[in-house]
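Read through the structures below before going on.
Same chain, two partners: chain A is paired with chain B first, then with chain C.
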Partner chain A sequence: MYSKQCKQWWATIRRVLTLETRLAPFQLLGPLIIVLFAITIFPTVYAIWASTLYWHLDVSAKHFVGIANFQHMFYDLRFWNAFKNTAIFTVGSLICELVLGMAIALLMVNSHFGSRLSKSLILIPMLSTPVVVGLMWVLLYDPQFGLLNYLFNLVGLPRQSWLASEHYALVALIVIDIWEWTPFVVLILMAGLQSLPSDIYEAARCDGAGAWQAFRNVTLPLMKPFISIALVFRFMDAFRWFDTIYVVTKGGPGIATENWSMYGYLTGFSYLNMGYSAAMGVVMLIVIIAISQLIIKRLFTGYNN
Partner chain B sequence: MNSKSKNNIFLQIVLWLIILAFTVPTLWLFLTSIKTRVDAFAMPPKWIFKPVVSNYLTVLHNKSFMHYYLNSVMVAIATTALGLLLGVPAGYALSRYNFKKKDDLAFWILSTRMAPPILVIVPFYLLFRRIHLLDTLAGLVLVYATFSLAFVTWMMKGYFDGLPRDLEEASRVDGATRLRCIVSVILPLSGPGLMASAIFTFISSWNEYFYALILTGTRSQTVPVAINSFITFEGIRWGEISAAGILILVPVVIFGLLVQKYLVSGLTMGAVK
Partner chain C sequence: MKLKWKKVLSVAILPVLMLSLAGCGGANTDSSASTAKQVTIHVACQEHPDVDALKELLPSFEKQYGVKVDLNVLPQQQLNTKVEIALASNSSDYDVIMMDDMQTAQYAKAGWIVPLDTFINNTSLTNKSKFNESDFLKGFLKVLAVNGTQYALPFYGESTMLFYNKEMFSKAGISAPPQNMQELEADAAKLTGNGVYGIALRGSRDINWYPWAGFLFAFGGHWLDANGKPTLNSPAAVQATQLYGKLISKYGPPGGASFDWNQVQLSMQQGKAAMIIDASNFGPRLEDPKESKIVGKVGFAMVPAGPAGRFPSVYTAGLAIPKGSKHQADAWKFIEWATSKQTQLESAMKVSRADVTRQSVWEDPAYTQKYNNKDMMQIAVKSMNLANPDYLPRIPQFNKLSSIVGIAVSKVIAGTNAQTAMNQAQDAAIQLFK
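The block that comes next holds the complex of A and B.
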């Protein structure tokens, strides 16, 4: 009797362990959910709580202030400057990368001399470590010895110290982002172009459509889902861009290239104002979620119609 | 798109000029790394010169740099291992089982990648300070799970979706348990998917900067943070920085090119096949 029960238990345990019961999906997903919960939900909730505090690490002051941190943002000109820069970085690099990426993808999808080599070479920028990319471009932008100034000289333009100029530093950073991430857009759009059926082009040609008309009225609408995916992923990364800016300009000259991530970092880890830093993180999260949703909804519904 | 159509000569030249423009910065870094100090700062820039390896030797003999390089290797391997350990079973469950709220759960896992690092870094920093995880490799690996887990889960879900269910059904008819099916039928067929997920996780961990900058110190620095140590008070030692930079790029570029075929689906976490 006793041994029979023992056997039954053992059988049940074995069935659980070999994923034979209805618990299986939870056994497989459980560890991931627990860890992911601990390292994402917990910090988010903690950050929201911290954003309601006056919390300076250097004077070890910490008390509840409600929404004061968020109110402070309205009057904080540096916060709005960072917002402006974030917007310029994001919109500027996204538009350029999309246009350039589409052009390159259209060129690359047709067979050409050295197809395989060109497809490998174009990948290198986006695989590269961002810090090394930053240093590489500091070298290229160097006012005295940089390759870019040399090329500028060749065509008769004066030397520039781009990274030290309030006007050009933003553009210089966007150029780096374009160099680094256009290949990513190319890759996605090329996958899209390859998936389009070729007979629709023949149909369009029969109807007398020119190359531009075929692109505008056939290719572009069909490519919408791929464009939106490229946009969402690029948006999320450009919006919270940090590493290259930190290496190349540290937000300078002055605060000319400081974006939200950079300002948030300095607030938290240079000025040790944890509450305000957390509040900025919360605002960024809200904006990221809102805009990602918007891009997905707009472009995908456009596709379905 | 009819991929058999060929570009005309003019378009091919335009394309190759663009590719060249995208290649020059990396090429220039490499050339600087094998130049002497004099050649590196020559004006007009030298394209032909006598290459030297002295910059590489200096970097390779730099004990602390190699220590940080090794840190990067260890963090990337541990991050990858943790990602696969938790992400592969989860991806399998999302692919093969149906349960309530499955889509919501899958989307939640994906959305964890959306959080801006500046949001999660404050809690991590304050918590790690209290439990003595600041400046440790283990702490960094834990934080890197914030991106690696979503990554592996979604990529493997996509890969498992592509494997026919008949495979499991056949061996289950033969009396094999679910666990046995996974271990001896599914996993052996998932080589390319596992490889691609592993390499992507490795690359993103290797390239990560923000968390490493804040959470590590002299003991656990990773190599992207450490490369700044070549920027000294006397100025930037470009030869050595370039050599160090190339040494940092080599593993990720090689790995990335190895999984070229899976790059799109990997980077978009399966959104594009």
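The block that comes next holds the complex of A and C.
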């Protein structure tokens, strides 16, 4: 009797464990949903709630202020400066990375530049830790001991301190981003190029298309989805770039390289104004979603038509 | 059958993993509970030579009081960020924190740190004659107090002074250190050239306001007027900022815009800079053959005077007890020990310390024998005595105000017109006090 019940129990447990009951979907999705809720959904909702509060960490009382934090942005010049820097930085690095990435990918696909060795070598910048990349470039840019200034000296140009200049510091950061992330674009575009069918090119050649025409009218339209993927990924990354800036300039000199992430971080963790910081985060999230959607929709529908 | 077992495994592994994780957590709390008899206090402190010395002395404290000490050492900027987050969440992570004197008003107003008076006056905890509060340098105690209530005790303290390279001065034909701002600028210009830079100052926007304030006062400017309204674009403030920016951008080592105290000290030690105006406790480190290339060539002087007078800074790193601490009495014992005469004296024997905070240590024969550089010590003590406790405004908003100034000064170093930058700073500061 006892052993029979035991057997039944065991059978039930086994059916649950082998996903043969109706519990199966919950078993499979449950852990994922819990994790997702804990690390994504809850923080997002919490941030949106926080963005409606007057909440300074050094003032114990927090209270609801509605959209006051968002209103404050309109006349906060530093916020708009951060926006300008984010925009310049994102657009500048995106354009350079795409053009350069496409050029390198074209060079590497179907040619001896595309050997396995060079393919692995080109990935090195992307694989390095952003903080290490930052420290390395600080050394390269160093006005006294940096390699770049040594080269400048060799050809008779005066020493430069780019990172200390209000005009060039942002450009210097864009160069770092290009160096670090062009390989990523190359990787995606090369995969795309390799998947293109060759018969279309044959047809184009029969119609008398030259190399440029083939690129302009065949390669580019076919590559749209790959370009849009690269664009979306790089856009989202560049838009919220933080780590390397923190290491290289910390937003200085003045506020010349302070982007949204940097300003948001300082507002929250240095000035302890959590409400305003959260509001900036929410605005950033909305802008990122809106622009990524735009990129995906435009480029993908273009392909389908 | 095989397939089934795979299924079983894959599903079974997850709960097992989760359980084991939970198990880990459980085990941890258990182990801490079983060792609860021995209290461990957690101390958050700056990366600083004095802290290194303190670390070496810790065993004697642990033996004497039966309390274990865990030092969390972080660079100054990161320390402040981390500590403030811990304080704001009223966490019990830290039992003692090291804080900048400028933060006292903010932390006290937020109720983050407990007044120390209750511990000082508690005769069962503190032997008053041994503790001897009046032995601390007055200026340091004052900047760590709010409305007469002591919130922290000074662990180390400093003022600003002018260090100069005597060899470079004689090469440039300058006989004496600059006494006023005009001489400072003229000397800096004369000394710059042949790989040598006239002067190195902190340019980083995080900290440039600290030496900058000395220039501000020297020209007759103030952070705030008597009514607490910011006066950052007063003619004096603009003049001071202009000179400060010019010294760094024109006569300073390249990249000076991002210098903090470390790089300033290094450019002096390496013989790159002919002068620096910075913390008095650099002195022994400039004369330390292990670190410095200019041993024996260092001259010491008071900071140059401006039209309004001479204004050395005051800074002290205080030790305070967070409200969330669960071992406040033990924390107090640690603070009392760490700032005691004996500990300060012993640590001064281990590392270079021209920043002790007790009169009796300054006067102790062992101390004066090790630090026998009369010029340096005299200037340091003179500067500390002259230092104005209102060098930095003691207001809860200081963090934001200093950041506004830091950005403006940084802009001026990078080439922005001083009037423009300070007008912007003034606007931002007015917003802050609205």
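Structure notes:
Just so it is clear, the second predicted complex is superposed on the first by the 287 of 305 C-alpha atoms of A that agree within 3 Å, B and C clash if a C-alpha of one lies under 4 Å from a C-alpha of the other, contacts with A are read in each partner's own complex, and residues count from 1 in each chain.
Going forward, contacts are C-beta pairs under 8 Å (C-beta built on N, C-alpha and C of every residue); 3 or more make two chains touch, one makes a residue touch a chain.
Keep in mind the model is a prediction, meaning the values are calculated, not measured.
In the superposition on chain A, contact is made by A:Thr18 with both chain B and chain C.
By the touch criterion defined above, A:Phe269 reaches both chain B and chain C.
Looking at the shared chain after the overlay, A:Ser165 reaches chain C, while chain B stays out of its contact range. In the superposed model, A:Trp260 lies in contact with chain B only, and not with chain C. One of chain B and chain C touches more residues of chain A, and that partner is B.
When the two structures are aligned on the shared chain, A:Ile67 is found in touch with neither chain B nor chain C. Looking at the shared chain after the overlay, A:Pro31 reaches both chain B and chain C.
In the overlay built on the shared chain, the residue A:Ile289 is in contact with chain B alone; chain C does not reach it. In the superposed pair of complexes, A:Ser118 makes contact with chain B only, with no contact to chain C. When both complexes are overlaid on chain A, the residue A:Lys250 reaches chain C alone and has no touch with chain B. Common to the chain B and chain C contact sets on chain A are residues 17-19, 27, 31, 144, 269. Of all residues in chain A, only 14, 17-19, 27, 31, 57-60, 77-78, 142-144, 159, 161, 163-166, 249-256, 266, 269-272 touch chain C in the complex they form.
Taken together, the chain A residues at the contact with chain B in this complex read 17-20, 24-25, 27-29, 31-33, 35-36, 39-40, 42-44, 46-47, 50, 104, 107-114, 118-125, 127-133, 135-140, 144-145, 147, 150, 179, 182-184, 187-188, 191-194, 196, 198, 201, 219, 226, 229, 233, 236, 239-240, 242-243, 246-247, 260-261, 264-265, 268-269, 274, 277-278, 280-282, 284-285, 288-289, 292.
By the touch rule above, chain C contacts chain A in their complex via residues 4, 7-8, 11-12, 14, 81, 84-85, 88, 106-107, 109-112, 203-206, 253-258, 272, 396, 399-400, 403, 407-408, 410-411, 413-416, 421, 424, 428.
Chain contact summary for the complex, chain B toward chain A: residues 1-7, 11-12, 14-16, 18-19, 22-26, 28-29, 32, 40-41, 43-45, 86-87, 89-90, 92-94, 97, 99, 105, 109, 111-127, 142-143, 145-146, 149-150, 153, 177-180, 182, 203, 206-207, 209-210, 213-214, 224-225, 227-228, 236, 238, 241-242, 245, 248-249, 252-253, 256-257, 260, 263-264, 267-268, 271-273.
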